[in-house]
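We just call them A, B, C, D and E in the order they show up, numbering each chain from 1.
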Amino acid sequence: MAVYVQFLIDVLSLGSLYALMALGLVIVYGILKLVNFAYGELIMVAGYSLFLLGGTPLPWLVMAAIAVLMAIGAGIATEYAAFRPVRSKSVTAVLITSFAFSTLLQNAALLFISPRARTVPLPDIFSDTVVLGGATIPLRNILTIVAAAIMLAIFSFIMKKTVLGLAMRAAATKFTMARMLGIPANLVITSAFALSGLLAGVVSLFWLGRIGSVVPGIGLEPLLVAFIATVIGGMRSLQGAVVGGFLLALIVTTFNYSLPPELLKFRDAFTFSLVILILLWRPDGLIKGPATGQRT
Amino acid sequence: EDEIIIGGALSLTGVQAPLDEAGLKGAEVAVKALNDQGGLLGKKIKLINIDGKSDPVTVGNNAINVIDQGAELVIAPCDFDFGGPASREAQNANIVGISTCASDPLYSSWSLGDKQFTLSMWNTAMGATAAEYAFKERGWKSAYVVTDQFIAYTKSLSKYFTQHFKDLGGEVVLEDAYTQGAQDFSAQLARLQALPEKPDVIFISSYMPDLGTIIRAIREVGITTPIMGGDSYDDPSLFEALGERFGNEIYFVGHTWMGAEAHPDMGKFIELYKAQHGSEPDTSFVATGWDTVMLMAQAVKIAGSTDGAAVAKALEENEFDLLTGKLSYSNAELGHQPNKSAALIGISGGKPSFLGWRRAESQPAP
Amino acid sequence: MVNQSLKANSVTVEFVGLRALDNVSLTLNRREILGLIGPNGSGKTTLINVLTGQVKPVSGTVTCDGEDISALLPRERALRGILRSFQTVRLFSNLTVEENIEVAAIAKGSSRRAAGRIVDRLLEEFSLGAYRAELASSLNYGDERRVEIARALAAEPKYLLLDEPAAGMNEDESATLMQVLARLPQERDLGIIIIDHDMPLIMRLCHRLQAIAQGKTIGEGGVDEVRRLPAVIEAYLGADAVESEDHA
Amino acid sequence: MLEIEGIELRYGAVKAVRDVSLRMEQGELVTLLGANGAGKSSTLKSIAGVLKPARGTIRLDGQDISGLSPEQLVRRGVAMVPETRDVFPDLTVEENLQLGAFCRRRDTRGVAASRERMFDLFPLLAERTRQPAGTLSGGQQQQLVIARAMMSDPRLLLLDEPSLGLAPVIVDRIFEMIVELRQSGVTILLVEQNATKALKISDRSYVLSLGRVAASGTSDDIAARSDLKSIYLG
Amino acid sequence: MNNSKLITFVAIVIPVLAVMLAARFLGFPVFERIATLLFINMILVLGLQAFMGNSGILSFAHIAFMGIGAYTSSLFTIPLQMRGMVLPDLYPVLKPILLSPYAAIAVGAVAAMLVAALVAYPLMRLSDAAAVITSFALLVVMHTIMVNWSEVTNGPRTLFGVPKATTIYLAAGGAILAALVALYFKESRTGLLLRAVRDDEIAAGAMGANLSLLRWKGFVLSALFAGFAGGLWAHFITSYQPSAFYLKETFVILGMLVIGGAGTVSGAVLGTFVVTFAFEALRATENALNSSSVFPWQLVGLTEIVLALAMIAVLVLRPGGLIEAEEFGATWRKWRRRG
């Protein structure tokens, strides 16, 4: 029994985290069709902000809010530095500039802060545990699930009930045409990056909660996770990102619990092979999202 | 030429930085101290280090680069994987290379050449010391061992600990693997929790940043079993990451202790270090950097030159008194096995404390 | 040879919630030009897509020279001589005009040398010689259209399906294009389908007309016959159009 | 209402328009003619704020607008139907129309009325509100682009080859719509390949050739000129 | 080979030879090392260009094929007496096989090609984002295998004991050969069709082009290049570990290609040179600054920061890369004609 509860909570909390990561990426990748390799660095920026604030007497929630704001700022900066100048010119160019920007941020952290792992302040509640069905579970995992649910609700509202979501998709496919209809396309795209930063900021709080410290390379893992979740879920829809996140968590956790250690080390190989198979089967991911307007 | 150049390829960035950066700072203090006393063989010493970026290929490139610039001695980074390429280039150039803290027995004259050494004890000694402390001093009879597969160091440390622990009569209830960078320890944790009988001690061979994540994960779910490891625990960011709450019942085998209890000259070194870098040293890896330079200087003085063969001979035939303890080497046929004691350190309340010098009664063969 | 024709036999095409083609048949013989007309959204482009294999019908078959080719992929049909142009121009924008045409010949299996000859001939025929080494992306609309047709011809088609080849051209340009197209069927033993909304052009060029509306054939036969059908006038041409044509 | 003075427009090194001046009064319907590549579309783009003139000025209601962004111009009542059939392919017909009214999205009643009017004019679109615009047929897309531009309820409408790919009945309907719009006071600048038809309904015309104005006058005068073809070719 | 292709080829050969001779005879071992690595990178970048430039599909997996070439060739050249220490778990069948380095490098290249030929075909029908992500997933899968197949790779740890066999001459020769093949492939029937597919899949299909097959050919060729480069690299560096074939290197290679211009062979070569020189110059500057202690703290990562800024700048100014659409030879001829 305890094992099942543990398994369930592991899947749900990891899945929530993955879903949040994917959601932050899907806005930029799925809607704007831009591959943002600097997405992971938004998490790093939030992490270092938290670390730098660690010495101050501010209450933790204030620190967290500032960290999230910094991530939003970094998201907007990414757009200005890496995307606006080359956007719509070439997919590969965008990819390389965003990667360059990510290197830039990482090395700035190296240069101005430190190559070493830095401990971030965390509230005590993050490391408390509760006993559920016989299993000892970090309270943080429950908080992650709650936070993901809240963020998801906020995002569905923004994307579905406001014109912003529509304007984003319009500006992403036909930038000039969107402007000719009066849509402030630049602003719309910037706000997409800001939203992405907001999610990255929230993610970083929980991700850091798991690992306790921040290093310059902290963003890689979340970036990979977000990519894969986005892709298998279906990069054109928000639900897809969420489904992809939970599915990935389910796959990983199942492998974790069931593979013998000799095979466990190949876990990533299995996971990614599965990703390839899913894509071969459904190149647009599991959830199609709004139908695409492609025809001959 | 009125200079002796010591070249380094220590990593200032990447996973190795916490070990190498500290080593470099210590080495800088040593160079300044020697120069203030008039240098070596009447010449000034100059230290040139190029960031190896925790990448073996870059380390190799940089070693060639510094040798090219005239380096006559090479300081190699920690660990066989990262330090090896530098030592190999030093060997190619027929000069002596010493790693500041590589402890895998692969770091030997067998695999690197007859002019290559490491300042650290081998993992045979480190693992055995840990096993004897656990089994003999504390009476812990069963162990759970987690091995980070990442580098030779992490892998062989577990191997020798396990081997010696079993030889002593202990039982290893589960051996588990992990690879640096995975950041997700839930599988291992699940298996640990599922063990029918709780182990007496958990041995984790890994290093920062993931080491902190692993220990936190274990402590968070309420497991208070003692945890043991090697010199990679000697990292202030680990103490900080664990804090008062999780930093308890942790023991590790390191190189030395940054206090007068460990060595009478330690106080002097700390003064010099503070004067040069403006802060107290926070890990014993600064001492390994200082020692490496001092060891080179003493050997060069004995040899009367920086000639590779002569310095190597001096290193093989003498005993040196260093901040990390007394050190002598076996000859090249026996692999340049270092012979030295280990410092045992405990962490409680998030703060490390010195438990004294130890020397294993026996150790496994490499 | 018997039955030298490309046929769609009672094809029905459905998209989500929409029957785009309903039991439509079409026959294109060699050496003829068939005009396909109909209101916007009536299914003309879809019918061409069915013939070339870009769209799979839910029922009905496509036969080429008597053989059922319904299961073949677009590229396999191309190798059998069914080539097309697109309603929105689809050139290889980073290749030169010359390469655009050469590609088609090579895809068909011609040798490099034979392809070179074909390219030379087509560049001349469509008076594109001056743009030979220009990138396709730098052409103006009318020239793009001509390159697209030349490209299809380079693959030595037996059936050529042109979707609005004259759209966006002015009167002079479309007249020149017509002259070239009119010669082709006889010269190359070729059947052509033309979709266009430019009625004067259609009437001068086509041997036969087929009109569809809302996915169904509403008229078929000689040019004059079809354009006087009340159904065609009502659905497509509008009453004044026919009157003014007659006056002209 | 609109005055263009000696503008030059370029794409990198290519000069698309060398020297064009034209004027339009409030409520006028003006046709712009010319051969392929004469610079008609470029001129329209500069009025819509997409292409910044390298020289010369564009004034709307006496105010210089050559530096304004397309967004700002839409808010001043300029709408454009580009020749490139730029629907948002992944958005539905409904959503495309909704974005057409982006600037007056708060005026829900007005938007609903415009929407009804467009559905009357193009009944095909009314049946397809939930279809992604990219899957519409060519002519349906063209209708959508026109309808979308109308959704902003413009004062100045720029039409670039509106009849492209449309069935004859629809072309007639569009020309009727243009006439009606003009009667209701909208100022219209029309570019058309079908010169005869365009000249028939417009007040005045300009003929462009190689990036310059080669002739101008009332549409009847222009239509009557026998040398129209040679003017075209410059 | 026509005139403009010949000019392009000569324009590639001249700097290669110049750098080779300069590095060889200026007398700094470091220069020779840098130049050799430059040539090996050039082979990799040209291989990537052969696939990516012509098919327009971004491939992350390229570097993994370099890894296959490196590990396969090393397996056969590590001296027999060292194998027990280097690869304690090596399969007994492989233990006694020893090849000359040159044969082993060839075997490595072929192995990379075969693996590519086997795994890639089904992936080739995917386009756009799905293609990018599957190639990325392929990279992760192959990397995980390299990291964990301890029997032949020594796991994530360093594989050492590979004999040094790659000379600067061999690397330069390989680079020139690669340039020749890449130029030829681009203009070949397959290359031309592949470029057509890149520009418009549907139109190319409607003319009879078989997209999967064409892409597959390009991919396999590119893996052959990568495997070859991997073998040369392994026998130059002599000790390495799987992380040498992962994201960081992928981006170095991609950066070289994209900055130079993925569409052209001349661009690929130029990109390799420019990025290598920029990188080395910056690193030398960083070291000089550090050792002269102008700054009170160590400047770590400055090279990367400046390089990243430079990359962004280049791509902002020329999104298609330095040599965008037209090979150097063609431009040169037009330029000459205009006087």
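Methods note: contacts are C-beta pairs under 8 Å (C-beta built on N, C-alpha and C of every residue); 3 or more make two chains touch, one makes a residue touch a chain.
For clarity, every value in this text was computed on a predicted model and none was experimentally measured.
Enquirer: Comparing centres built from CA atoms, which chain ends up most distant from chain A?
Expert: Chain centre farthest from chain A's centre: C.
Enquirer: My parser should flag the chain pair with the most contacts; which pair should that be?
Expert: Going pair by pair, the biggest contact count turns up for A-E.
Enquirer: Per the centroid of Cα atoms for each chain, what is the distance between chain B and chain D, given in Å?
Expert: 75
Enquirer: From the mean C-alpha coordinate of chain D to that of chain E, what's the distance rounded to whole Å?
Expert: 51
Enquirer: Calculate how many whole Å lie between the centre of chain B and the centre of chain E, each centre taken as the average of the chain's C-alpha atoms.
Expert: The separation of the two C-alpha centroids amounts to 36 Å.
Enquirer: Indicate the whole-number Å distance between the mean C-alpha point of chain A and the mean C-alpha point of chain C.
Expert: Their C-alpha centroids are separated by 48 Å.
Enquirer: Among all residues of chain A, which ones touch two or more of the remaining chains?
Expert: Chain A, residues with two or more chain partners: 110, 115, 265, 291, 296.
Enquirer: Do you know which chain C residues sit against two or more other chains?
Expert: 45, 54, 86 - these are the residues of chain C that touch more than one other chain.
Enquirer: What residues in chain D touch two or more of the other chains?
Expert: Those would be 135.
Enquirer: Show which residues of chain E lie in contact with chain B when the two form their complex.
Expert: Interface residues on chain E, with respect to chain B: 28-30, 33, 82, 85, 147-148, 155-158, 160-161, 237-241, 243-244, 283, 287, 291, 298, 300-301.
Enquirer: Which chain E residues qualify as touching chain A in the complex?
Expert: For this pair, the touching residues of chain E are 52, 58, 122-123, 126-127, 129-130, 132-134, 136-138, 140-141, 144-145, 147-148, 202, 247, 251, 254-255, 258-259, 262, 299-302, 304-305, 307-309, 311-312, 315-316, 319-320.
Enquirer: Quick check: in the complex, which residue numbers of chain A touch chain E?
Expert: 29, 33, 35, 81-82, 85-86, 89-93, 95-97, 99-101, 103-104, 106-108, 110-111, 115, 220, 224, 227-228, 231, 235, 265-269, 272-273, 275-276, 279-280, 283-284, 296
Enquirer: Report the residues of chain D in contact with chain C in the complex, numbered from low to high.
Expert: On the chain D side, the touching residues are 35-37, 83, 85, 124, 131, 135-140, 142-143, 161, 164-172, 193, 229.
Enquirer: Please give the residue numbers of chain E that touch chain C in the complex, ascending.
Expert: On the chain E side, the touching residues are 189, 192-193, 195-196, 198-200, 202-211, 263, 325.
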